[in-house]
């Protein structure tokens, strides 16, 4: 695709100096003129902690606005981290797509933008595209290692795992999987994307960064358990990168793989889901994962959806009602 | 309050005959004239299974439209139940506030009516009031035992329990708690309501019915585990009532109590919740249940909310964001 | 029902004097304080034409806001009528539920009020209730004969007919049917209401007025033909009442009857309607009136709906999609 | 009207003790169950400052949610007032209709309730009715003097004045006008209401309270000047009542009267307003106050609206566009 | 315009094999990530019937979502067609812009996309653009003959006709008009488009396909008569193409032409339409087609709109209210 | 950026002839197909007055739809201007972004387009882009001098001033400032834009036109005073340009400058604004301009925002509530 953005400056203005030592709490100010504020802005909170030389970690949550483990871990870290603990630099953006995060929705209420499908973004256009462009052209180039927290959001639920992708550069891939291991989630995943165009992941990976993502739960909530995984994981990652001192708090993790699109089951019916398997349960090919009952009348037979391979139920549709076309379930295979 | 409804007939028309033996799948047709259908109706599915003499059970789900264990168990039961198994009558309404159920919302999208705050209802007025009136004046009088399924819906999450209320008539109360035991959920609750005006529960209890309610999970989803509890529970209840043959499938249950309003913790802040305790965890008075982080900026201290008594975390606010005034947590005490 | 409105004055203020001779074009001003106008009002246009002694006709359209033959005939009449032609008084309100008429919707966009289910209304409360109350307590008492135009609106379509109801007072009933004959629509109906609570019709009939209603088409449009029927009909009615001079322009009309609720066919399915009979077609009991195709997938059999008696298709659901509970068709019987 | 609320307790729970000495900042917690919070509440901030014996002042802003001088003066006063300065009690509710205030709208976004048309309210029903009921039955009875701040809101603009009403009890009326004088706004008004049913004013006056209201500007904003008038006025009022020590800071004020409904000019056209007179300007009967231009096309003549009496322009429609039925202007007469 | 889509694969996945013999009912699955389904899809139903060698017909309805003759004929055909009757291949998509069809609206509720202004589409971007792209790059290339059903939708009404365009390639044009004749609607049109950019028609014609479109009624409904025309027409077209065996069921048709933009009359006023001519009526230049009454007040003269040429009223604005800028009427000329 | 629009004709059709002498009132008709009008259009009113040879003035208001001084002055001028007074041509478009003007909003309700960020526009795409393109390619090239009225709209308020920009072509700049002087507003500004991409100003200036803009008040209203400034200003400008005869009505004006981004103060908090300075007040660096009170609770300290330089308060946030990121105040420096 043609790059039409060369040379157009980003409208985003940070209120912090990325090169200054110490702790700075501030904002990325994105001008946003609209009916209810002619000269208004979106104010994306961020914290920069820098101390001398060393690698830079870019830590992000709220890429989707209804996923909470990342924001919890990062608002917490931003308040607690002190410059003296750090060797290098930590850039913390707990809520990347800030309008979505404030609304508690996957996409931005301003422009319906799914930030994780908006990369590389554009410096003009809709606010979500401007946020993507600022990460693409300003923040990602500053980083050596990137951690982007995800969960299932309001409509999916996941086993808690950290993940990386299979990459063409095997050295980079190894660095990514090493970082996943250090993070120390209960599960670790070799991730297959169903639609990777425009992802932050790809943007970071194409620049050669060490990139770790997660899926730590879902449903539009967080639990004490999943928030704890997120908090321990980021500390481990910073230790692994040499930015925080001390040894990684090593955790046992079980590795999973998504070998093909047979992992995914999509519904071809609207209705009420009756799940027959829970997250973490083992399933065998042909097992009924869920039944979908018609909601228009009583007395009709439900439709059954079955596993296409052996494995572990790693993700599931969350709301009680389902629409034709929704992803019902993801079965991942165990790595021996 | 004055009763202005005496003698006004309900506009609801059933397509089934409650006095006929056999299995009937049909509708409660509630006329609803509106912009997109001048002569339209709400069609509430129901099933009636009758066989000879015997008690009548009224089984309801979807009183709130975003609670799914009840509808799953009841759409399933309505399809499977055959007249020969029954002694007496079973009236199954899997989705009482049907417009809310179709929308996946607590209240009706038509009139914002919370059905469980609308009793005794009115035969004129809004659709939700008309549904309440039909249960109040037609269906409840037919019943001996009533099971109304609830869960936390999209904004609350509960330990799975069946429950009954402390009642002035101790014989009735004992019958209710016996039915709760028979249901056999993992937990059983002596329930305290924070706002009982207009509840279906009160309407049934005031008529002297044996009434069982539940809270079987929440978040706007159901799991294989909670759906299983709901399905086993209704079968047990019908056996306990002598409507289905066979012995109750006895389950171990742990009893909880809600002795005072100190069980409830309400937030006085907007923000991002960091839960520190999960459902089922034991807490002691003074323990921090959750912290609320400001979402406007990084670097500020979260606000802590603490348990006001010793007990078990029995319910919690579900979404990741909280508003001032929301119920954060319910701590119930264990009955020795 | 208790009458709580005794003695509370209506907030509606007319800008005309109902007792003055001549032609007056003005408004019923109904104060309506709201977010976008703290001291705003709804301004309902009306025309009063009076000349000496004689009966009063009250002519109304726009009782439902998406029915157009009445407003066309009445805006036209209001502009053309001169005092000298009149003996008595003509009160013309082309758009009773004016907010609904401006929005082109059956009910009021302000309060979702269906004016024809809101009688006798209330002087406080919602704007639609205040309009009903003003007709109930001020305009209806002024009238001897009342013509209230209806059509099918956006969701129903009718054969063009004028109609009156079977009434307990047979002298009043005869006067109503005589006026229907004078109106001279192609069809004339002995009307059965499916839900008559709160209707303007009943309010007028209970006061002993000669009351004529119509259904002149539908779909949210008017044609040259149906507008012509409406314009000729009102002139005929005023001549019949002796308010306009000259003889009634007599038209041939075919009488229909609605003998029972078997006239009505309600859908029990959502889907795409394939009509097999058109308005005015003769049908025999058991004929398929329409088929409903599932819209979720191809390859499934449609559901058929059949006539429950012999007759003429007098009304039908208009939009191409149908919801369970919608009225699909009305079959009326021919009066020999 | 029948009082159906006898004996039903208010659902509102204060977090403060109205009888305790000292400064308390807290909330009125109003349970509000809804789709996005099953067990949520509206939290209305309030401050109570009490010191020994003495009269009680009830100070309220945000009765309409888009009027800002009152909230500014009262949030400011609530933070600054210390118990030692007070003799008696000051109850400060800066934003009565709190949901409306948070939305910046006249009426509540929850139920479209106009709080100042909702008295005496009801303990059940919609949230706005519950707020009215709590003031009616709990807070007003505690008060000796009541100051309720208003401005024009987003759709009206006023000369800055304090006001009281003509009352049947002339001693009470004199006390009210004395308090208006003490408030010391640039203008003082003998107020005529166009629609007084359900007002807080009437509720307080009927209980015999000394009641002062204001209109201090409008347009949905406040200026340094009007906020200053509000802050000085409340201090003066508390001194006048003997609750704060010290002499009233006496201000020159010009008295106005609204002798009849001829003060009000309502538009009978939609369009673009061209004002020809500004607030405070003297006008003579017959002067053109404003012209309304058609917005559909150029080249048409505007409609003119003229003063019906001599006086001062005291209020005007604020937005640049006007609807038929809106109040265009209020001309008040000068009291010599 | 630059083609930026070269080489980007479509995200649409068919669940059928276009090359397999037999009848297949399935879906085009279009991934659509959104707030209410993170991994959701739009499921567009389609049927493919193939039998050996022979031409391919692409049959489409629901290009605009509120036009029903096409979907009725095609859901019906999809269920009835058997492979043995076919020589070649029939691809049936009864509801191209499926989200619009489900909503009953012209454009997609997702992205407001008008599919018939979205060609050639894009493989990324909005769902409507992705649908257009899939037809442009995958389905159109498979076809020899294309039938795309239209009607007037909710806001226009047409005489029932099939149509083709004047084309630069006279052989192609002749093939198109021959197919129109075979279709056998009561009227046949040489169509002039008022805005042809982005149309499916142009996309098909530019690829050299034989392309037939229709306008078979309107108003957002279908009648038994118009549905019958649609069903007979498609069978005739398939026989004409040699895909179905048997002779075309020849119908009398009257040919119309749209010689210039004088065919179209646009309103320059808002108001209530009084039509003076009905569809199919003959008009002469200067005849009043419709009058527009002001809806703000009674007593004003309506505005008249007159025919600019002699002909037949072929289309008209459907809703009873009109906005300035709407097309009021289309007068077509009769081909001798 | 690539120009992809070369050669694509605009879909906008004027109903006037720009080359004809005399007064023409008409429309720019912009086809806009949508759910509620399949063949609808946006009808933008305009007036062209031409008399012989001479320069062309393009006069525009309603670039933002909630700014009223321009539309008032231009609807008034369009009705009054007669051809004989003119030497050359005057093109008057009182409401450029007509859908926004009708809605009373800054941006278009159709597409959320901010017209003054949409230049140079596109002939396809959204309606706002099509309007921009028509001005860019058709109307601007016709003009010698351009006056585009602005005010603060609903969310900002300004001192009344006319303004021009510092330009690279000093001859053009001098012509612009001379025209600003002739306009004769109470204040005149050397304007700094915070975000000039896509502005009509830049489009006109880049074509070498003499361009004058204004900010004449705000808040979504106009006063008699500000409307008077607008009306006198346009007459002066036309005299200055030699299009109207007679001498400029010279007014005293005070010049202001915006030397840097320190003029602007942006809020970093949500809350209730207490302004401490009014428009036109002198401030010194460090003065508190406004305080922001928390609206969640009483008893907390407000946040203060201070002037960053000495000057005059030239603009301020208008609504009583403010969001983090909104522009609170603009301080301009006085030109000696």
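The first chain written gets the first letter, and so on, giving A, B, C, D, E and F; residue counts start at 1 in each chain.
Quick note on the criterion: a residue touches a chain if its C-beta (ideal position, glycine included) is under 8 Å from a C-beta of that chain, and two chains touch if they have at least 3 such contacts.
Which chain is which protein? Per UniProt: A, B, C, D, E, F = N-alpha-acetyl diaminobutyric acid deacetylase DoeB.
Since we're looking at a predicted model, the values are computed, not measured.
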- Query: Which contact partners do subunit C and subunit D have in common?
  - Reply: B, E
- Message: Between subunit B and subunit E, how many steps is the shortest route if every step has to go to a touching chain?
- Response: 2
- Farthest chain relative to subunit E (centres taken as mean CA coordinates): D
- Task: Could you label the subunit A-subunit F interface same or different, taking same to mean over half of its residue numbers are used by both chains?
- Result: different
- Match interface C-D to one of B-C, A-C or A-B, accepting only the pair for which over half of the contact pairs are the same residue numbers. B-C
- Query: Which chain's C-alpha centroid is most distant from that of subunit B?
  - Reply: F
- Averaging C-alpha coordinates per chain, one finds the centres of subunit B and subunit D separated by a number of Å equal to 43
- How many Å are there between the centre of subunit C and the centre of subunit F, using C-alpha atoms for each centre? 49
- Measuring from the mean C-alpha position of subunit D to the mean C-alpha position of subunit F, what distance in angstrom results? 35
- Query: Which parts of subunit B, given as residue numbers and ranges, touch two or more other chains?
  - Reply: 2, 27, 43, 66, 268, 296-297, 319, 324
- Message: Going by the touch rule stated at the top, which chains touch which?
- Response: A-B, A-C, A-E, A-F, B-C, B-D, B-F, C-D, C-E, D-E, D-F, E-F
- Could you pull out which subunit A residues touch subunit C in their complex? 268-270, 296-297, 324
- So, in the complex, the side of subunit D touching subunit C is made of residues 1-2, 64, 66, 105-107, 112, 114, 117, 152-156, 194-195, 197-198, 264, 266, 268, 319, 323-327
- Item | Contact footprint of subunit E on subunit C as seen in their complex | 23, 25, 27, 43, 45-47, 66-68, 71-72, 75-76, 78-79, 92, 94-95, 101-102, 104, 157, 219-225, 227, 272-278, 281, 293-302, 318-321
- Write out the stretch or stretches of subunit D touching subunit B in their complex. 2, 4, 11, 27, 29, 31-43, 124
